[in-house]
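Some structures to go through are shown next.
Below, chain A partners chain B and then partners chain C, in two separate complexes.
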Partner chain A sequence: MTATKHIEMHAVRKAFRFFTLEDLSLDLAPGQIMGFVGPNGAGKSTSIRLMMGLLAPDAGEVRVLGHAMPENQALAKRDIGFVSDDMRLFGHATLGWHMQFVASIYPGWDAQYAKALIKRFNLRAEQNVSGLSSGEHTKAVLLLALARRPRLLILDEPTSGLDPVARHEVLNELMDVLRDDDRSILFSSHNTVDVERISDCITFIDRGRLVDSSDKEDFLERWRRIYMQVPPGTALPDLPHLVSRVVDGQFVTLTTDRFSPDLLAFLGANVREVHRMSLEEIFVASVFHHREVAGL
Partner chain B sequence: MNSLTYKLIAKDFHQHRLLIAGTIAIGLISLLVAGAGTLMLFNIGMLCWLTAIAAYGCVLAMLSISGERKERALLFVLSLPLGYRDYVRLKLFGVMLCFLAPWAILTAGAVVLVLAKPGMADGILPFAILLCGFLLTNFSMVLSCALFARSEGFITLVIIVHNIAISLFIFLVGPIPAFRDHLQDASPTWGPEFWIVLAVEAATLFVIFSLPYFVVARRRDFI
Partner chain C sequence: MFDSELSIHCIHSMYSGINISQTDARPMYLQIMEQIRARIAVGDWPSGRELPSIRALAAALSVSVITVKRAYLDLESEGVIVTRHGKGSFVADVNGLAGELQEEKLEEHLAAAAGTGRQLGLTPEDLAERLRRAIRNLDKK
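So, the complex of A and B:
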C-alpha cells in the first residue's frame, strides 16, 4: 500500500480578472521537500492558497493530507504549518502570548522545541510582536509553525525578508524538520539558491502554468550548456531537446534539457566545453523556453 | 461551536480588553455627569454616553474585522484549523459579545439613572430603552457590513450611515406622540407603539445578524 500523498493537485484551474492558473497538477509525497519556483506573479501564492483552502478551484481537484480542499480544510489544517511572507501576527500581543495561544490549539505543540527555537532565532517571548523587525517577525511565524510539529509545512516565500544569516538559520531549521521521514515541505520562492540548497524536488511555474517538475538531481543532470566552435559555413543539424541556440560567428552556445553522452558524440569534435548549469540558469532557460513554445 | 472558536472569541476579548474597559469607564462617567443635577449637565452626559457606545461599536468592527484583514493577521487566523463558516461565526459572536459587554452595562446604567435620579421623569424610560435597542441593531449593521466589505471606502460609508441613522432615530421616533407626550410622566407608559418599535428592532437585528452567516459564509474564496 502506498502512503497518502501530502499534496495532490489535479488539473486545477483558477481564474481571476487578469490572471488564470491553468491546468496545474502536482504531487508531494511524504518526506519530500518541494521547491516551488516561479517569477513574481507566476501563480505561486495562488497555488498555495488553493492548497490551504483559502481559495476554491474553478475546476480540478485539490487534496491535502488526504482531505478534499477547501471543503475539509479545518481537518487538513490540523496537520499543516503554514507560513507566508504576507502573514502577520497580532501586533498587540507578545510572542509568548502567541505561543500559548497556538499551544492551546495544537495538541502536538512541542514546548521544548519552541524554547530551543526562541534561543536559536534570538527572539524574546516577552516582546510585543509590533516591535519585531521584519526578519524577527518571519522567524516568529516560523517558530509558531515548526513547534506544532506539523506533518506538512507550506511555506510561501518564507525567506524573502531575511538577511543572509537569518536565511541560513531558517534553512537549517527546515532541513532539521526533514529528519522525520513522514514530514514534508512545500517551499515557494524565487530565490533559486535557497531552493537548490534544501529541496529534493522542484516545480517551475510561470504565468499560471506549470513549466517543469522533477527531482533536483534529475534537473541538474539533464540540463547542460554546450559551447562549440564550428568552421565558417558549417550548418548545424537539427537537434532534439534543444532549449536555446545562440550563434556568435564561429561560436555556438547550445542549451539542452536532455543531455546525454550520445548528444556529445553526435556533435563531435566541434564541442569545446560542456558546463553544468545552476538551478537559477536552468530556471531562467526553462521559463523563456516555455514562453516561446507556448507563445506567451 | 468548537473549542478553537471559543479560544478565538476569548482572543478577541483579550485583544480589546482596554477598549472595552475604556468605553465602560467613559460611559459610566458620562452617566455620572448626566445625573449631576442641571439640564445642561444631563444633556452633555447623555451625549457623551451615546457617543461612547456608538463610537465604540464602529472602532470595534474596524479593528476586529477590517483591521485584521488590513494588517494581514487574517492569514494567520486562517492558517488555524477552521473553515470560513467557522471564521464568520466566530467573528459574529465574538465581536458581538465584545460589544454586548459595555452596551449591557451602560444600558443598565442609563436605566438606573432614569429610575434613581430624583426629579427625572420615569416617562423617558421607554424611549431610552428603544434608543439602546437601536444602538445594538445599528452596531449589528456595521458588524455585518464589515464582514461583507473588502474595501475601506465601503466601511467608511457604512460608518457614516451608522452615525446618521442614530440622529434619524432620535428625530423620527422621538416625536411619535406615544413617546413624546409621555416623556415628562412620573411613570413609564408601555403602549403598543413601544412594543412595535422594539419588535421591529429585534427583527432587524436578527435579519442583519444572520445575513453574513448565510451569505458571506458561502463565499468560496476567503482572500
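So, the complex of A and C:
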C-alpha cells in the first residue's frame, strides 16, 4: 500500500530531567489497530503527547495523517480523536450539552451514531456529568471522540477503570470503527488481553526505548517456550536467539523469540514440550531480556 | 416480552455462533478456522456461499483484522475457501475440502464400525452385509 501512514515517528528523542525517550520509531498504516504496551513510566504518555503535538521532539520527526507535528497540529487534529484517562468533562453540564458543544466545533459530527452510542454505552444525554460513575465518564469521553468519526483515534488507556462488561462494549465499538479500512486506532494499555485480541500490530516500549514492534501474528508465531529434559553430563549446544535459559537439574526451559521447526530439529529428542506464549508472557519476557541486554 | 428478550441475544451479530475462547490454548486464528470448517463440514455453509468480509467478521468477533486475515489465508491454502480479489471469499467447491472433510468423517465412522464389528465377532462379509442392509433401510425412508 502506498497510502499515507497515519502515524510516522522516526528516531524521535525527548529528554526530561529524569526521563529520556530515545530513538523511537514507529509506523501505523490506515486500517490498522496498534496496541502500544509498556510498564508504568515506560514513556507511553510522552510518546502520545508527541503524536498529538502537545510536546515538540528534541530530535527526529513526527508526522500524523501526513502532517508534520507539532507545526501543523491544527490541521491534523481535525481528523484525530484523542482520549486520555485524565480528561475531565464539565461536571455541571449534561452529556447532551457536551455533544452539542463538540458538534458545533467538528463538522464531521455524526448525530445518528452519537445517539446509537448513548444507547450501546448505557448513558443518558440529559444526565449531569458530575453524576456519572468513573466508568460512565470514560465511556462518555469515548463517545464524544467516536461520534466525530475521526480517521485516527489515539486512546491513552481507554479501558482502564472499566468493568468487564463496559470493556467489551468499548472494544466492540473500537472494532466497529475498523469496518472502514481508512480509519486507524492507536491505543495504549496495560491490559495485554485486550491488546492481544484487537490489535493488528503491537509496539512494546520500556524505559524510554522501543523493545519490539511488529505485526501481532508474527509476534505470537515467533515466541515459544521449549521444555527439555537433558540427561546428566550432556552439554547443551550454544543456541542463537535465546531470550532465556533456565536449568534445573535435568530440566531445561528455553525461551526463544525466533522459533522455527529447524530449531526443534536441532534440539532433537530431548524436547518434551513446546508451548505458545500469551502476549503477556511475551511482553514480560521481552522487557526483562531487553533490560538485561541493555545492562539496565 | 419474551420475544424481545430472545432477540437481544440474536441481534448482536450474524456470526455470533463463532466464538473466541480465552481459555482455549490454541491461537485465535486456529479457533476461527476450525469453526468455519465445522460450518462447511455440516453443510450450514454450502459451497459457493460468500463468507463475511474480513473486516466484518473481525468487527463481529471483536478480534483484530490481521487474525481473521490469517485464518482466511490458511483456509484458502487448504482449499477450503476461495478468495477472489475485490469480490470476497467463498466456500470452495464440494470436490474441494468440503468433500474431503466428509471423506475423512466417513473413514472415521468406517473404522469405528470395523472395530465394533470385530468386538462382536463379525466376519468382514457379515459386516459388509450389515452395511448393505443399512443402505437399503436408508432408501426405504
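In this text, the second predicted complex is superposed on the first by the 295 of 296 C-alpha atoms of A that agree within 3 Å, B and C clash if a C-alpha of one lies under 4 Å from a C-alpha of the other, contacts with A are read in each partner's own complex, and residues count from 1 in each chain.
Please note the rule applied: a contact is a pair of C-beta atoms (placed from the backbone, for glycine too) under 8 Å apart; a residue touches a chain by one contact, two chains touch by 3 or more.
Every value quoted in this text rests on a predicted model; they were computed, and no experiment measured them.
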Task: Superposed partners chain B and chain C on chain A - clash or fit - done: fit
Open item on the list: Under the stated touch criterion, which partner chain does A:S104 make contact with: chain B (first), chain C (second), both, or neither?
Closed with: first
- [ ] Please indicate which partner A:T255 is in contact with in the superposed arrangement: first for chain B, second for chain C, both, or neither.
- [x] neither
TODO: Please indicate which partner A:E217 is in contact with in the superposed arrangement: first for chain B, second for chain C, both, or neither.
DONE: second
Open item on the list: Quick check on the superposed pair: does A:Q73 touch chain B, chain C, both, or neither? Answer first, second, both or neither.
Closed with: first
TODO: Could you tell me if A:A56 is touching chain B, chain C, both of them or neither one (first, second, both, neither)?
DONE: first
TODO: Specify the partner with more touching residues on chain A, choosing between chain B and chain C.
DONE: B
TODO: Could you tell me the angle at the CA centre of chain A between the CA centres of chain B and chain C, given to the nearest 10 degrees?
DONE: 140
Task: chain C versus chain B - closest C-alpha approach in the superposed model, Å - done: 26
TODO: Enumerate the residues of chain A that count as touching chain B in its complex and touching chain C in the other.
DONE: none
- [ ] Show which residues of chain C lie in contact with chain A when the two form their complex.
- [x] 20, 22, 25, 27-29, 55-56, 58-59, 62-67, 70
Task: Of chain B, residues touching chain A in the complex - done: 4, 7, 11, 14-15, 71-73, 75-76, 78-84, 86, 220-223
- [ ] Please give the residue numbers of chain A that touch chain B in the complex, ascending.
- [x] 49, 52-56, 70, 73-78, 80, 82-84, 86-93, 97, 101, 104-105, 141, 145
Open item on the list: Touching residues of chain A toward chain C in the complex: what are they?
Closed with: 31-33, 168, 171-172, 175-176, 178-179, 181, 193, 197-201, 215-217, 220, 276
